[in-house]
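Labels run A, B, C and D following the written order; every chain starts at residue 1.
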């Protein structure tokens, strides 16, 4: 029985791949779009019923790779699969008249396979393969509508994704070498803690995964790429795919051994991101951009806590369950919020109020509103975050709340009297429900105490930044204060312009150089050629032959006698 | 069978060559049948040999060609690695070439020399002595020249001239090197490396430089690579099989033989020759990538990419570590399969749609999706993205570099990956995402048998390069085979 | 009369027959070629030590014919080459520039005359007899050259006469000094004195003219340039080799004791210079036949470059074999190349290399023959040229003679440069090759390409028979006899 | 040996010295004269000198040694044949109208 159940792990990856290949059959594209929800089902089942910590060896695949579901991994896997499922349901309706169904179904399923695979890989090679899959093949999803803005966003995404891939690859190489060539994730993680391992390994891994997870200076792709994709794709990008980066950090950071330098840097960057990104979100004009920045901010929170734990050397067991729960909540909630963006134009007046209400609850939950799931997961995370971290987390409720308010404010309008499609609404509501309910369900398992046992009063008192936020919002609304309009991807524009200028300059320099090289070639030859002709004419003379005959005779004579 | 198996491998392409030369142009279908038949037969022979060699048999054929200088064809595991690669790709390329040329002029000549090239590549692989190696190495040079010059236009003739001047100068240096060494230690057998003790280090170094310099021309190491991009004037099947695989690999293979079976890693390490060679290979890797980035012609870009990629093999060999040599040798196979995919696709694009410049690639994916899908797999593999095979090589090379205390090589690998991405991804972008020009007529990619023969070989090799990555640990996968080789003596 | 005598007598008989039969004399080659090839093959397979005293007179007076390794190889190669040239001339009659049946008729007796003279020259050890054979071959060669250009032939004639007389003067000095002209006897009595050295110098210089070693090669390119292809082939393959073989007899058999290393390096240096100079001149030619002719100048250089290598070797047999095999390989390859070049020029619009465009399509077999011959001449494997160069290069490196090694290596490269220039011109497209493509002769059929192809093929196959050929070349080598005196010992 | 030995001058030596002088003269003429006919004559003079040397020095201890004589006779025959051949060529060349091809091939300057 156990063996049968653990076979769900390979199935979780292979099944979406099979669906992807089916979508290549001529004419099957639209059909496969309607079947999108099927993809994550084995993964979902695996997350629930596959026994934990039982490796499944895959002999002959890659470098004798394997799959294994850890407890943390199961939470990531379950959350991601759930999100993918409902996003798939949503997409099946949302994209029913899409012009490129084949491309969407193909890459959706492939990215899905990679995304789920990341969470269950047992060795670094498989991990890297899945990571590359999810990372690079998400590009076609980003540029799905082929609009110029999307294409630009895709390019930025791809460049940073490739950079991230390379950083991770090199980091893994260094770490694996430190582990004596072992490729098991456990062994590699242990090796990262060893002083003998190349110090760059940890840094490269953090940078690589940080790119994926939107670590602050490396986040520039995220606010441009996530909004560019179709709504369901944005939902999984922000809700599930980003988590691959987080999971990478979770899987490889050598928690338990203090790594002060790396941990501190990670913490500082991440917490900066936590606040800065939320503030940047305020300046965004698009709802999806706001959400993307919010993702950067929330992931900053997660990584900040990770960084703190890394610096302190806290044991993984104290941190990971809470962290996994937080990401689960964030993933589902963020997914629902994104789906809400797609739903908004279809909601006539009454529907809109309902939608806004649900979204507001979700936003409040993200901000850590008391009694909501968000507060629960945040409170769980405060313990391992240390005193400073806990304070910062508490404060972040303010910025998150502001960002969420901004989101609600810029949510697209709809024509009156429109009704949301049932399937899309269903997916949205299911996700929202899961986001709000699942943390409560799982909390007991992970924290070894009932969620009701938490100090509810503390939750409420800790919510003062929320109150402040409400005041601020109300004030701003009253005064009519408008936030500044900021470009998506903040620092990206100037950097791109510099890079373009540099490229042009380098090209010109190179061209000039090669031209000057080419020019400096002399042309002699004619003189020598004439000389050679003359020499040859002399040799043809009989007289010359006679003289040479005497000369050779003399030479031999001389050489023998000397 | 024991002794004549190597001879059979050489003899089969000779038969195909003779038949091709002899048959007049109008009997093209007979010629095609003969070529395919022989190629397929050879594949079967190789399959049998793979099995037998894995069981530990070593096939050897010996002939005293000059006093004290034996012509030895020896099928050890390393030889069989190269033989299998060339035989498999030969079959693919033959199918491809038949479709590519269809009924063009001078095909008897083309297929004749084509078979001679394969003969030479097989011989290079199986050579058991330095002299045998040199014989086939030169034969390869000669048999390739008419193929480079096949079109007969000024560009091709120029390319042929450049090709010859580089390779002949190289082989002369190589010959001088091996003769010098032979004058010191007697005939050089790969199976029994010579005893080099007592020879001054300077002499050994000079000989090494001569040999590597000579072999490096074909392997297109940095200052000696100039012929390769020029040789792209040749027809696509030639670029595909010969320049991506046979010729450059012969050079790289020779360097592996030099380091491991002539000098021995101990001597190379003692003389401190590995590091400079690794440095040179690294320079080549980066230089080739940068130059590839600057090309506007599709085949030229691929050519510079070959320059860069082949040096991975040399890098692996020169780093002298267990993982590094595995990485280098397995790249011999992986690069071959991936690059031939790319070249066959490039040829198919040129053949069907006249696409030669990179700027013309717009929308190619929409018009020829199978071709471009195969191309994409090859390109992603070249970048080193898993699960395509190129990743496996890169992984082993990286770990191997670290084992040899050469962490800077990892930086080179990373830089090269980025550069590869920089010059391959724009191609994929154009092909898949940009709309085709309005004046380009729509075509049906796989309409006729000929179209299928043109495109399916590339699809097959693309799948194989995927498989070689995904199933890297299965028995008889390139990686497993190379590991066998390495365990059989290259890990000293 | 035993086999050795037959090898000389049979071609003479054919010559007489050809003279008598005149017009239909050409058909004689059908008999002569197989007969001579058979005889030569028989000779090659004879047990060592076969000799013939002509007329049964004892040595100082009699003439000794002896089948040593060099002779066997040269006679065999000569039989194959001349036979093939003859058969080729049958299907592609040599018409001189003067045209007419007369020249075609004179060709056959000359061919047999050269054949007889060459065989006698290769086999005999008598220096005066060698003079006679030298003159026979020269006469035939000049007459053959005259089929193309009288002026060039006359120039050749004059220079050749001069060489002959210098040689004869040397013979006269030796007769006076030792009262014998037999090489084997001279080896036993040779001593170092002025007369001997003078004789050696004069004979060497004279023979160098015949062998066309730089700088005495002046006659060769013009003589080849205009002569019909079979005549050129005979000149380059046979006539030049006889001088070389006689020099071998002189330097390594008769006077190894008195030829010091300095003298050997004079020859070696001239050889090296010839390789470089000939190659450079060949590279500069824009017409095909002078190119091939200068290639001969360069190739002859290798033969003499080998002299110091043979003498300096501890175990000379491999360098000796290299030298001998080079001679044989050059015979085969150069004959093939001239025949192929002749066919190509007939089909091409003009005699310039640039006019060769399109020939690779029009006459693939002929171009193949040219290419295979080129491979051997360049010393690329697998070919007789490579085997020879391999042996020589090994010897040079072993002795630390890096200058010679360098010349060997560079010479091969230069050969590649000029020969591939011609070859690649054949691959160029036909269009616009010449102003009057209409005047192009009929494209030759396959049968005409048989002889060059066979010869070039033989040159290639030689590369695989290295061991056997080395063994043959070692039959009765001078140093294997007890009278050997190592050249280094000489002052 | 004989060349250097302080023996009384015999008839043979006189022949030989004469032969040497003739040879030198012939060589000189060959070098300075450009015309083919003169060169042919010069060659004949050299030949005569050589035969004199051969006959003069080749006398063994016996007054009559058959070998040098045989050599000289053979040599003279060969020389005559070749001279005739050369003369015929010169005549032919003089008669033939000079074609441009010959000029190219032979670069005649005689």
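Criterion: a residue touches a chain if its C-beta (ideal position, glycine included) is under 8 Å from a C-beta of that chain, and two chains touch if they have at least 3 such contacts.
What you see is a predicted model; the values in this text were computed from it and never measured.
*Asks:* What chain lies closest to the overall centre, CA atoms only?
*Replies:* Per-chain C-alpha centroids compared to the overall one single out B.
*Asks:* Using the average of all C-alpha atoms in each chain as its centre, how far is it in Å between chain A and chain B?
*Replies:* Roughly 37 Å separates the two chain centres.
*Asks:* Counting only Cα atoms for the centres, state how far chain C is from chain D in Å.
*Replies:* 26
*Asks:* Could you work out how far the Cα centre of chain B sits from that of chain D, in whole Å?
*Replies:* Roughly 66 Å separates the two chain centres.
*Asks:* Between chain A and chain D, what is the gap in Å from one C-alpha centre to the other?
*Replies:* Taking the average C-alpha coordinate of chain A and of chain D, the gap between them is 100 Å.
*Asks:* If a residue has to touch 2 or more other chains to count, which residues of chain A qualify?
*Replies:* Within chain A, the residues that touch at least two other chains are 540, 542, 546, 550.
*Asks:* In chain C, which residues are in touch with two or more of the other chains?
*Replies:* 155, 158, 162, 194, 222
*Asks:* Indicate the residues of chain B shared as contacts by at least two other chains.
*Replies:* Correct list: empty.
*Asks:* All pairs of touching chains, please: list them by chain label.
*Replies:* A-B, A-C, A-D, B-C, C-D
*Asks:* Considering the complex alone, what residue numbers of chain A touch chain B?
*Replies:* Spelled out, the residues of chain A in touch with chain B are 59-65, 125, 128-129, 132, 136, 143, 146, 151, 158, 162-163, 165-167, 169-170, 173-174, 176-177, 181, 198, 510.
*Asks:* Show me the residue ranges of chain C that touch chain D in the complex, using the header's touch definition.
*Replies:* So the residues of chain C in touch with chain D come to 60-61, 97-98, 128, 131-132, 135, 138-139, 142-143, 146, 148-155, 157-158, 161-162, 164-165, 168-169, 171-173, 175-177, 179, 181, 193-195, 222, 225-226.
*Asks:* Considering the complex alone, what residue numbers of chain D touch chain A?
*Replies:* On the chain D side, the touching residues are 27, 30-32, 34, 39, 107.
*Asks:* Which residues of chain C touch chain B in the complex?
*Replies:* Per the stated touch rule, the residues are 318, 360-361, 364, 368, 375, 378, 380-382, 386-387, 390-391, 393-394, 397-398, 405, 409, 412-413, 416-417, 420-421, 424-425, 427-429, 463-464, 466-467, 470.
*Asks:* Considering the complex alone, what residue numbers of chain B touch chain C?
*Replies:* 21, 64-67, 69, 105-106, 108-109, 131, 134-135, 138-139, 141-142, 145-146, 149-150, 152-154, 156-157, 160-161, 164-165, 168-169, 172, 175-176, 179-180, 182-183
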